[in-house]
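Okay, so chain A shows up in both of these, paired with chain B first and chain C after.
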Partner chain A sequence: MDYLAEKFLKARKIPSTACSGCGLGQVHKKVLLAIDDLGLESADIVWGTGIGCAGRQTFNTWKGDNFAGTHGRVYALATGLRLALKPEQKMILTVGDGDAFGIGLLHLLHAVRRNVDMTVIVADNFGYQSTGGQYGYTTPSGAVTDSSPYGMHDPNWVQDGRDILDILKSAGAGFLARHTSVEGHNAVESIKQAIRYKGFSLVHIIYPCVTNFFGKALGSRKPVDAYRWLKARTNPKQQDIQGITFTTGIYYQSTSERQEFSEQLRGFTERVQKRCQS
Partner chain B sequence: MAYEQKNNQPYTVRVYEQGCKECGYCIEVCPRNVFVQANYFNDKGYRPVQVKFPEKCIGCRRCFFACPDFSIDVKQGGKDSL
Partner chain C sequence: MKRLFDTGNAAITEAAIFAGCKLFAGYPITPATEIAENMSRRLPQVGGFYVQAEDELAALHICIGGSLGGLKAMTSTSGPGYILFADPYGWALGSEIPVVVVNAQRVGPVSGITGAPGQGEFYLSRYPTHGGNFESIVLAPNSVQEAFQLTVEAFYLAERFRMPITVLADQIVTDGWETLLIPETEAEIQAMGLKVALRQINYGPEFYPATDEIDVPPVVLGHNTGAACSDWTPTAEGFDTEEVEWQHKHAYRLIYKVRNNRSIISQYEEFALEDEPDVIFVAYGSPSRVVKSAVQAAREQGLKVGGIRLVSIWPFPDEVFHRSAKYLSVELNYDGQLVREVQRAVPKGSEVHFLGRCGELPKVLELVEAARTLINGQPLKAIKWEREAW
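The block that comes next holds the complex of A and B.
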């Protein structure tokens, strides 16, 4: 275990059960680096996880407090938990693309609508990989998967003029960023800003699934092939790249402060109590 | 065989062999070819990478960022810095 894992993660959970070359560890590490850079300790953060590869591999790894939600419902649990936590305590949720942008999208939108103080890290591996590699909501157009043997035909959330981050922005999210797991310091900086942000923040991080996605879509289970594919499509400078490409960096940062959910509700409760007493 | 790290090198790279899953990302990203694949297996059945040329390391930490299994540390200074 490196110094980060030793400092923040439970020894019995590392190394994880993830496949060789799974990029989830790269995502996990970036979040830990951001936490370390901000000078936060295990007790300062409550870590929540969803279901799927992202939920399973990060589940109960954090040395501090952890909780796990059912598929797509961790945002609702986190909303309730926000009221019980001290305002200065941070909440980080590591979830997958199916959890956030499919099954849990409505819960996610309501957490955005209420501006609940949490940082959602969406670790995106292009579909339902833990169940064998079925297509999902971010599977690249035309990709061969277990459930799209003739190529991905279903419109996704990230191509052809659609962007899921646009929807979250319209719903009121204050901080949104997109990165890939093959990036370095720039991704860590975005995560740091997301954690610092008082209110709802989300960082969408694409990572390679070597076993299921790339095994079928690229016809290779060699981790380095997946790494090169993702590296070639990681696009921080907005270059003209053919096919699917991921423009990385901060997508949106609100300039005006919106009242946070638990602050608003505490203030409201106080006003109602005063009214009842008078 | 294990390769020895010295005290007069600018950076020390350490691979935790039991955590390594042989993905090869560190070999791919290292600009100075510090790593090689071992010819033996760890307890999980993977051939871990080894730090063959530690004196070549320039401390860019690309391997540290790329390693998905928390199995590489890069520190400034010789072997005693770890």
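The block that comes next holds the complex of A and C.
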């Protein structure tokens, strides 16, 4: 077993039940690398997950405490939980693109507005893959999926001058980054900064679903084809890459820290108590 | 003893504070808004947190999240919000997290009339979420004082059964003003029969044991117990599983921890049932106040009439319906909800009738006349609107 897995994960969950060749393991590993680099241990982190491939496959893998929310609601659960945890304890949520940018977007936005201290890792596989491969909010335009047999025609959150990270930035998120799972060190560095950030942080990581999405979009279920496709489109240097490309790195980093939600509420409660006593 | 003149909403607030509630997340809705307002004022005074949520889905999820970290939590709403609780309510039932939910019922369907009482969530409170394989616990106060006592009780049961408990009130109870006594000394607390359970922590490794026992501590996160709780069917250690055998154990625990401990939950009041009355009224919540007066008025007129008032409505106390009689269910709805359970619970040979009012209480004389009609073996008069051409 990998030393990271041995150190941080529950043996029963290794290997994961993800499809052979799935890119989720790359995302998961990058988060563990970041945690290891920061010198954090199981007691320092409470791990939450959502519904879908990203949530189900990472649920209860963490040796410490784990929870999984219903679809899209884990941000609200985490908001309540934040008030009960010690301020120095970290919360990491591994969720999917549908969970964060679709069904859970309202709660995600309000977690951003409140600046709840949590690090959301959106493991994005271009749609609803655990239900067989329907399009979602990051599915590339024109892509053939089970629910877009004539090509993806629905506007998404990452095209046409529109970026979900921009919406989150406007809502007040303090740290935002985007990466693909084929990246190495720089992605781990972004995750480290996100975890370190006291407040709401989010890292959007695109990873390939070899079984459903790429099976249909590329007509190949060979993992190597999917990884080559993603690699070629991650910060491409060649001019000949047509269509979708991914510009990665830190998207936004706030220069001034906004007060964190639970810190603010604790302070408020203390002030009211003092006022009532005097 | 602190003696106040206040609303049911105020009583529920003070009960939550009394029971050690430290987190309230809510969304404003008539006729429960005052609970949120009062909690926003009271909680910071006792070191607690008030969070105004973006919707009811978030409200109950935030409460459950706090409870998951060890804070006692409560939320309140009315019908339109209660239906939105379906998602988090199910999560708390399945993950077995204590939380208290107040529903001040107003007349529906949907938004209905905000300031009129209703009893439309009788069955919704039994099945507040999807999927089945669970029992629910629901308490129904009929006065300001009882709203206080049952809310304290709800917090107590939530801890012992590690599940969400609904306090099913109605607009008359929550908006109505009455005398409210709040005990202050240990003797006063005992005299009122109030119990408070402290939050225990489950240190594992079995977070979901296959047992019908209560008093199993819930999962509390943040203590590095290696705990796991989720919406998935859990193994004893909390791992998500697709094995049906674990589903059987999960369902067994959720159903039988309640069924096999019903005696702790069941509460009801009986009016004049000693002489095997001809007609027995059945009601819960504010209509039961009219029923009590009607039983007295009918007795004064020599009619053999009694009454049953349900205080806990789920699990349904079948045992109280052991007499053969003509039952009359009095409810604040026109479709008849409680009456269906009464029909199921009564002995063979009993008659079951229904008298519903929509958005307002029935009158005492109406009930006395209905009892007289049933005793004479005549059919109940139809409500006027049933026959009118619309």
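Some points to look at:
Basically, the second predicted complex is superposed on the first by the 272 of 278 C-alpha atoms of A that agree within 3 Å, B and C clash if a C-alpha of one lies under 4 Å from a C-alpha of the other, contacts with A are read in each partner's own complex, and residues count from 1 in each chain.
Just so we're on the same page, a residue touches a chain if its C-beta (ideal position, glycine included) is under 8 Å from a C-beta of that chain, and two chains touch if they have at least 3 such contacts.
If you're wondering where the values come from, they're calculated on a predicted model, not measured in any experiment.
When the two complexes are overlaid on their common chain A, residue A:F67 makes contact with chain C while staying clear of chain B.
In the superposition on chain A, A:S20 contacts chain B only, with no contact to chain C.
By the touch criterion stated above, A:E257 is placed in contact with neither chain B nor chain C. When the shared chain is aligned, chain B comes close enough to touch A:V182, but chain C does not.
The wider contact with chain A, measured as residues touched, comes from C rather than the other of chain B and chain C.
Within the superposed three-chain model, A:D154 lies out of touch with both chain B and chain C [touch as defined at top]. When both complexes are overlaid on chain A, the residue A:A5 reaches chain B alone and has no touch with chain C. Per the touch definition, chain A reaches chain C in the complex via residues 10, 12-13, 42-43, 46, 49, 51, 56, 59-60, 63-70, 73, 76-86, 89, 106-107, 110, 265, 268-269, 272-273, 276. The touching residues of chain C, when paired with chain A in their complex, are 23, 25, 43-49, 51, 53-55, 57-58, 61-71, 73, 87-88, 90-91, 95, 221-232, 238-240. Chain B makes touch with chain A in their complex at residues 16, 18-19, 21-25, 28, 44, 46, 61-62, 64-73. Those residues of chain A that touch chain B in the shared complex are 1-5, 9, 14-16, 18-26, 29-30, 181-182, 184, 210, 222-224, 227-228.
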